[in-house]
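For reference, the structures are reproduced in the following blocks.
In the two complexes below, subunit A is the common chain; its partner is subunit B in one and subunit C in the other.
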Partner chain A sequence: MIEVKDVTKKFGRKTVLKGVNFTAEKGKITCLIGINGVGKTTVMKAIMNLTPIDGGEILINGEKIHKGSYEKITFIPDTITMLPQMKIKEAFTFMADFYDSWNQKRAEELLEFFRLKETDRISELSKGNTAKVNLILGLALDVDYVLMDEPFSGIDIFSREQIAEVFTSHLIEDRGVIITTHEINDIEHLIDKAVLLDNGVVLKEFDTEEMRENEGKSVIDVMREVYRG
Partner chain B sequence: MNRFLKLVNFEFTRFWKLYLVLIGVTILFQVVGIIVESQMYLSRANKAIYEELVSVSDFISQYGKMSFYQFASTGWFIGTMMFCAATLLIYVFFIWYRDWFGKNTFSYRLLVLPTARLNIYLAKATTILLFVLGLLAVQLVLLPVESKVLQWLVPDEFRHDLSIEEMTNLYYLELLYPSAFIDFILYYGTGMAAVCVVFTAILFERSYRLKGIFMGIFYVAASLFIVIAPLLVNEFLLDNYFFENELFYMVIGAGLLVWAAAIWLGNYLLNRKIRV
Partner chain C sequence: MNVKFNNRDPVYIQVIQYFKEQIAKGIFEPGQEIPSRRELANRLKINPNTAQRAYKEMEEQGLIYTEGNLPSRITKDEQVLKMVREELILEAVSTFIHSVRSINVPLEEVLNLVEKEYEKE
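On to the complex of A and B.
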């Protein structure tokens, strides 16, 4: 389980996270929802120790993050994490060199699914295909948790559909996923848990299935209630 | 291969093409330079001897014999060395900043590799050292080649041959190729300590951004002060109480302290403060 406990973060005088609390479990898709600038990406970076926090604690399977944690958790930001001059094949070699959890078979499976070629150079790919490569690099690791930051941001509808398909496939099964988005429509039906963030605080955290069954509300309905008041 | 060596290999490969260009430029300019300088010397000799009817011995006493010593003071030689030094100096900064800026954000990947973050720091420092030593080796191989070219172009009576040892004892080359091993360790150890201090200053900037620039500058100044502190204390407070060799060991100790502190601080910043 990923536990984010009372996390605070300041940038200069501005406090962007004001005691954020939530948990994300293995085998479930947790979605951090909020408009741009509410601190979603900062939370993701804080979980990966890519930005220091000023207060609180983040635990992954009960432990603070350490070098070994990166074999258990991966982050897929909305920007490519490989050198653009690399071919996809070279990026795969790099990952295989450094990660014991790299699953080459799965990488090739994903490559085929997204109809990309190993010989493609990253810098020559469209934004949608670059996002797919990023996704492959993250999902081809045999990790417990996958963090995705705005995976649908700025890409065409067909690429979105393909990426959304991944969420219902065996590639995600049994993993814990934390995804951030401000475009909830694409994945509303896929998420298990929603965490609504605004102005650096968690406004509401709920199980989407329970919400649908007990109150008959979709995630978007709850968002309207919470954000519009 | 462990992850540290993989990182060194990766960092080295990233600069490899540019590095080959650097080596190519060095070879080209120095070989062309020695040909041009030899031809200029010979044409001056020809003009003096055949047109102005100066005797060979008078010409030599006036202009001296052509040797590597003369070539080493020309722009062809010094220029290429300065160019290589400047490129590597810029690379000390570039090796970090290219991972944060530009089209790619490789820092995202680099910092989530399942290895101690200190390895990233040490791999980058090792890469710089390898580049420096590589260029030194190329230059060392070039010296006898240039000497040979000189022998082909300039007749014996106008030429003064130098051995490799004599060549490396000239001017600033003595600094690059110290004759004693302990000096080699000392010079290059000082260089690497300086590289580590700059690396840590860069990490201050990457961790605290604008505030980090000032912290970095202060940190570099403080490191420098610590290294020369024994000299200052001896000069201004103790009225030259210590012997020179005692001072030397104190400066070495202070230098080692600064080097260790740079690595410790770099590790701390990479693990606790760095921002992507």
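On to the complex of A and C.
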């Protein structure tokens, strides 16, 4: 389990995270929801220690996060970090050299799942296909937790559908997934848990099936209540 | 499998409902093998934990059964199959009654209409 406890973060005079609390379990898909600029990406970067936090703590499996923890977690940013002139094959080799946890077999399975070819050059891919390659590079690592920043943003509907299918497939295994999104429509039935963020705080955290079962409310219903009051 | 889920009912309950309908229609036959929870999640585009939950409930209700490590199957229990059918019919009838009641149609008129329209289809 990843536990984010009372995390605060300031950028200069601006407090971006004002005591963020939530948990994300293994085997579940947790979705950080909020409009752009509420701190979703900062939360992910804080978990990854890409940005130092000013207060609070982050635990993984009960332990305070340390260097070794990052063999268990990976972060997939919203844009690909590979050089555009690389072929997919070369990007794979780069990852294999860089990460001990690289799983070539799974990378190839994912490539097949998305119907992409090793010889495709990143610069020649569509936006949707670039997003898929970006996702493959993270998902092919043997880690317990995968953090994805806006995996559905700015790409065509069929790419979105295909990416959503990964979440239901065996390729995700029983890993813990945290994704951020500002658009819940496509993935309402895919997620286990919703964490509604606004202005640096978590306004609500809930299990989506329990919410439907106990209160008969969709994620969007709850969002409407929370954000619009 | 193409199911349109609504956003306000628990997805696992909608999955069970779908299975009941397929059983009542005879599309899922007694003893027929059903997809694994992953396959089901993938085909219905739902969360695998939800698919698991639906299977667990259906197993408890006796709608499906699993022997050892083999894939799960639709029940062959006549009693259960009969109940599924009756439950669905009753559900459809009560929805129907609810809507005709709301427009105050006398039973006799409804029954006549039902008979006439039923033949047409």
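Observations on the structure shown:
The rule is short, and it goes like this: the second predicted complex is superposed on the first by the 225 of 229 C-alpha atoms of A that agree within 3 Å, B and C clash if a C-alpha of one lies under 4 Å from a C-alpha of the other, contacts with A are read in each partner's own complex, and residues count from 1 in each chain.
Operating definition for what follows: contacts are C-beta pairs under 8 Å (C-beta built on N, C-alpha and C of every residue); 3 or more make two chains touch, one makes a residue touch a chain.
Since the model is a prediction, treat every value here as computed from it, not as a measurement.
With subunit A as the common reference, subunit B sits beside subunit C without any clash. Look at A:I178: by the touch rule set out above, it reaches neither subunit B nor subunit C. Computed from Cα centres after superposition, the angle at subunit A between subunit B and subunit C reads 160 degrees (steps of 10).
With both structures placed on the common chain, the touch criterion links A:H170 to subunit C but leaves subunit B unconnected. Looking at the shared chain after the overlay, A:K67 reaches subunit B, while subunit C stays out of its contact range. Looking at the shared chain after the overlay, A:G27 reaches subunit C, while subunit B stays out of its contact range. Once the two complexes are overlaid on the shared chain, A:L50 sits against subunit B while remaining clear of subunit C. When the shared chain is aligned, no partner comes close enough to touch A:A131: not subunit B, not subunit C. In the superposition on chain A, A:I2 contacts neither subunit B nor subunit C.
Our summary of the superposed model lists a minimum C-alpha distance of 28 Å between subunit B and subunit C. Considering their complex, residues 5, 7-13, 38, 41-42, 44-50, 53 of subunit C touch subunit A. On the subunit A side of its complex with subunit C, the touching residues are 27-29, 161, 164-165, 167-170, 172, 188-192, 209, 212-213, 216-221.
Within the complex formed with subunit B, the subunit A residues making contact are 45, 48-52, 67-71, 74-75, 77, 79-84, 94, 97-100, 123.
On subunit B, the positions that touch subunit A within their shared complex are 3, 6, 10, 14, 103-106, 108-109, 111-117, 207, 271-276.
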